[in-house]
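Both complexes shown next keep chain A, but they swap its partner, so chain B is in the first and chain C is in the second.
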Partner chain A sequence: MKYLVTALSLFALPALANVPITGTVEAKCVIQTTKDGVYGNPIASKLSTTPADGGVLPVIRFDVSLADSYTANITHPTSFSTSPTLNDTVAWTGSTSVTQTSVAGMSAYEAAKVVVENTTIFDLTLAGSTWFSTASSATYGSSKPFVGGVYTALVQASCIAK
Partner chain B sequence: MTPAYPIVKPSHVAGVVKVEMSLFNSREEIEWYQIELFDLNWTNIPFASSYRIINIGYKERKSFDVYIRKSDMDEAVYLCTTSKVRKTSKSRTLVSSRICSRLDGEPA
Partner chain C sequence: MRQRLAWVLFLVALPSYCYSEPYTYGTTGNAASVSLGWGMDSILPSIAGVDINGLLYRYTTIKDPDADMKVHVGNLNANGDGYIFRETDDWSGVAGNTIVKSFPVSNIPASSWGTGSIEVEGDGRVEDAVVIYTYRVDKCYDPQSDPSCAGYVKPMPELPEVVVYDALEDDSVVDTLEAEEFQYDEDGKLILSEEEEEEDTRIEMGLTASANALTLFKAQGQDDIIMAINQQTNIAMYYNANINGGTLNDAAGLQDGTIPDNKKALRNNLAQQILHEQMVDMQYDK
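Presenting the complex of A and B:
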């Protein structure tokens, strides 16, 4: 009996098995607003998000999970989405820049950006997060003062699969 | 919105295909997203879905199917969701975000 127990114990080795855990990361883009933009009113005929004009630049964050899968297309406004009634033309200017990156190599996005009319296109060639800020300025026709009221304008931030 | 390159599957209706999509809302200030389908030149293409505009809470995920006519599949390229922003009482810029998947496959 003693020999039998000893013999069996030799076979009582711990059961080992490798259980694989697999997963895939698919291409994904997430857009978040890090900071809301605010129009400053440095002179009566101008509304501007530039800090020097008393405004706040909107900051938009793009997170992409896979490199070289998306482009970021950011369009600055060319009209107000809400405003008091305006009887004269409004001249619009704007631009979009890279302000912060999670990967050092993303700083090259700024030099490689393509501007098509009021849209700035960034090729998101690296995975990670990129922060963009959009400047927007509106000047009322013939330097007239803007009518009192609330003015809002829309920045369109698009993440488009390549 | 995922996947970036959805698989086009047959549907239960002859001559109609479907794509299965999932949308995650990462923007606290947004509750509504609009689904749109475009060709390469950003011209709208007709489609059917349970939702045209989806109500989705912050940090929530919702799945939806988009049904497209087979005859439109040669033209259909971008399937997008666009956030709908609320009217505000402050002079400010609002950010409308749009995520687009491609129906014509991954880049070679």
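Presenting the complex of A and C:
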């Protein structure tokens, strides 16, 4: 009798199971580097990506598949990521503009851009691809010549959900 | 383990050996390099089996931001009215800029693509236009173009038409065979009368005589040719040859003694003499 009670109590235990739920979210905003930039050295104290100064403008493409949901925030550099040791200050300037679009209406991004310090913000109101190029210039303090070596700076681009 | 790996690699690589795609792909040059209107014949390869599977364009608009402007990029439908491809960019109220667009197309035959153009509607202009088509070429569009194509049939050589002449269907031959003047025996040989045989004999003799005469003339002709050749022989070289002068002394010496008669020569001379005499006697029937 005692065994029967024990057996029945075993059958009465509740069943447990963990059921997974998975999902995938595809990126609706993708950033691609179309072209790397190159600093030109028109005078000893200046580095510039402007083609007139012998430089190459970097080009970044934003692919947005969801309209009016993101802003493109692009920050031009204010320091070298790699460089020889510099003992003086460097004056930085820069700007970002729309160079190509996949929809004619995206041309309005340029007029509507907002510049906050070193960051340019574009409201991506249309779905499609937009190409941005960033100009960057660095001038060494008091027009001193830059120290010989390799200089590298980074443009930071990010896609921010509204 | 290594054998299994080899089998796996073999099976993975097998499809690439068993299947070869009959398509090759390419891109055109800039169709709008010269003007904003272009014909497809001038940019696509002029071969059969070309399909267009993509289009890319880029241009820059120069305009007042407040102006209304539309740009139409398209190709007329070569097989009917309207356009086979048409895209419109509305630049109204926005600043000019560079636009880039690409479109996949579902392998539309090149023959269906009519004249292409970039048209501007409104105020503004288009600069630096680039229009590029991507295409696919089916090398088996005509299966007979390549023995590796599906449906290829080995061509048969064209046989010349030979007209066989059947003599038995020739009216002239039939009339001749049916003529009663000829008679044939059981073996199919022509039966000739005696007169005809005699006549044939005379003809044969005549032909023989003429053949002999011709042979004689031919031999005479050959003699003339040989004589002519001999006359042309350059014998001057013999007259021109010089023999060095000098004295040629007689070195032979005959020692005193007796030279015996050659008996064999004597016998031979006698035999010749006898034969000569017999021949002379024959003239007198001796």
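Just so we're on the same page, the second predicted complex is superposed on the first by the 135 of 162 C-alpha atoms of A that agree within 3 Å, B and C clash if a C-alpha of one lies under 4 Å from a C-alpha of the other, contacts with A are read in each partner's own complex, and residues count from 1 in each chain.
Operating definition for what follows: contacts are C-beta pairs under 8 Å (C-beta built on N, C-alpha and C of every residue); 3 or more make two chains touch, one makes a residue touch a chain.
On a predicted model such as this, the values are computed, not experimentally measured, just so you know.
Colleague: Report for A:T93: first if it touches chain B alone, second if chain C alone, otherwise both or neither.
Modeller: A:T93 contacts neither chain B nor chain C.
Colleague: Please work out whether A:T82 is in contact with chain B alone, chain C alone, both, or neither, and reply first, second, both or neither.
Modeller: first
Colleague: Which partner, chain B or chain C, touches the larger number of chain A residues?
Modeller: Residues of chain A touched, chain B against chain C: more for B.
Colleague: Go through the superposed model and pick first if A:S143 touches only chain B, second if only chain C, both, or neither.
Modeller: Neither: A:S143 stays clear of chain B and chain C.
Colleague: Let me test your reading of the model: by the given contact rule, A:S158 touches which partner, first (chain B), second (chain C), both or neither?
Modeller: first
Colleague: After the superposition on A, what does A:V103 contact: first (chain B), second (chain C), both or neither?
Modeller: After superposing on A, A:V103 lies in contact with chain C but is clear of chain B.
Colleague: For A:D36, using the defined touch cut-off, is the partner it touches chain B, chain C, both, or neither? Pick first, second, both or neither.
Modeller: Touch partner of A:D36: chain B, not chain C.
Colleague: Output check: A:P58 vs chain B and chain C. Expected answer is one of first, second, both, neither. What do you get?
Modeller: First partner only, chain B.
Colleague: Quick check on the complex: what are the chain B residues that touch chain A?
Modeller: Those in contact with chain A are residues 2-5, 24, 26-27, 29, 78, 80, 85, 87-102, 107.
Colleague: Show me the residue ranges of chain A that touch chain C in the complex, using the header's touch definition.
Modeller: The touching residues are 98-108, 110-111, 129, 131.
Colleague: If you look only at chain C, which of its residues touch chain A in the complex?
Modeller: By the definition above, chain C touches chain A via 58, 61, 65, 71, 89-91, 93-101.
Colleague: What residues of chain A sit close enough to touch chain B in their complex?
Modeller: Those in contact with chain B are residues 26-33, 36-39, 41, 47, 49, 58, 60, 69-70, 77, 81-82, 134, 136, 150-162.
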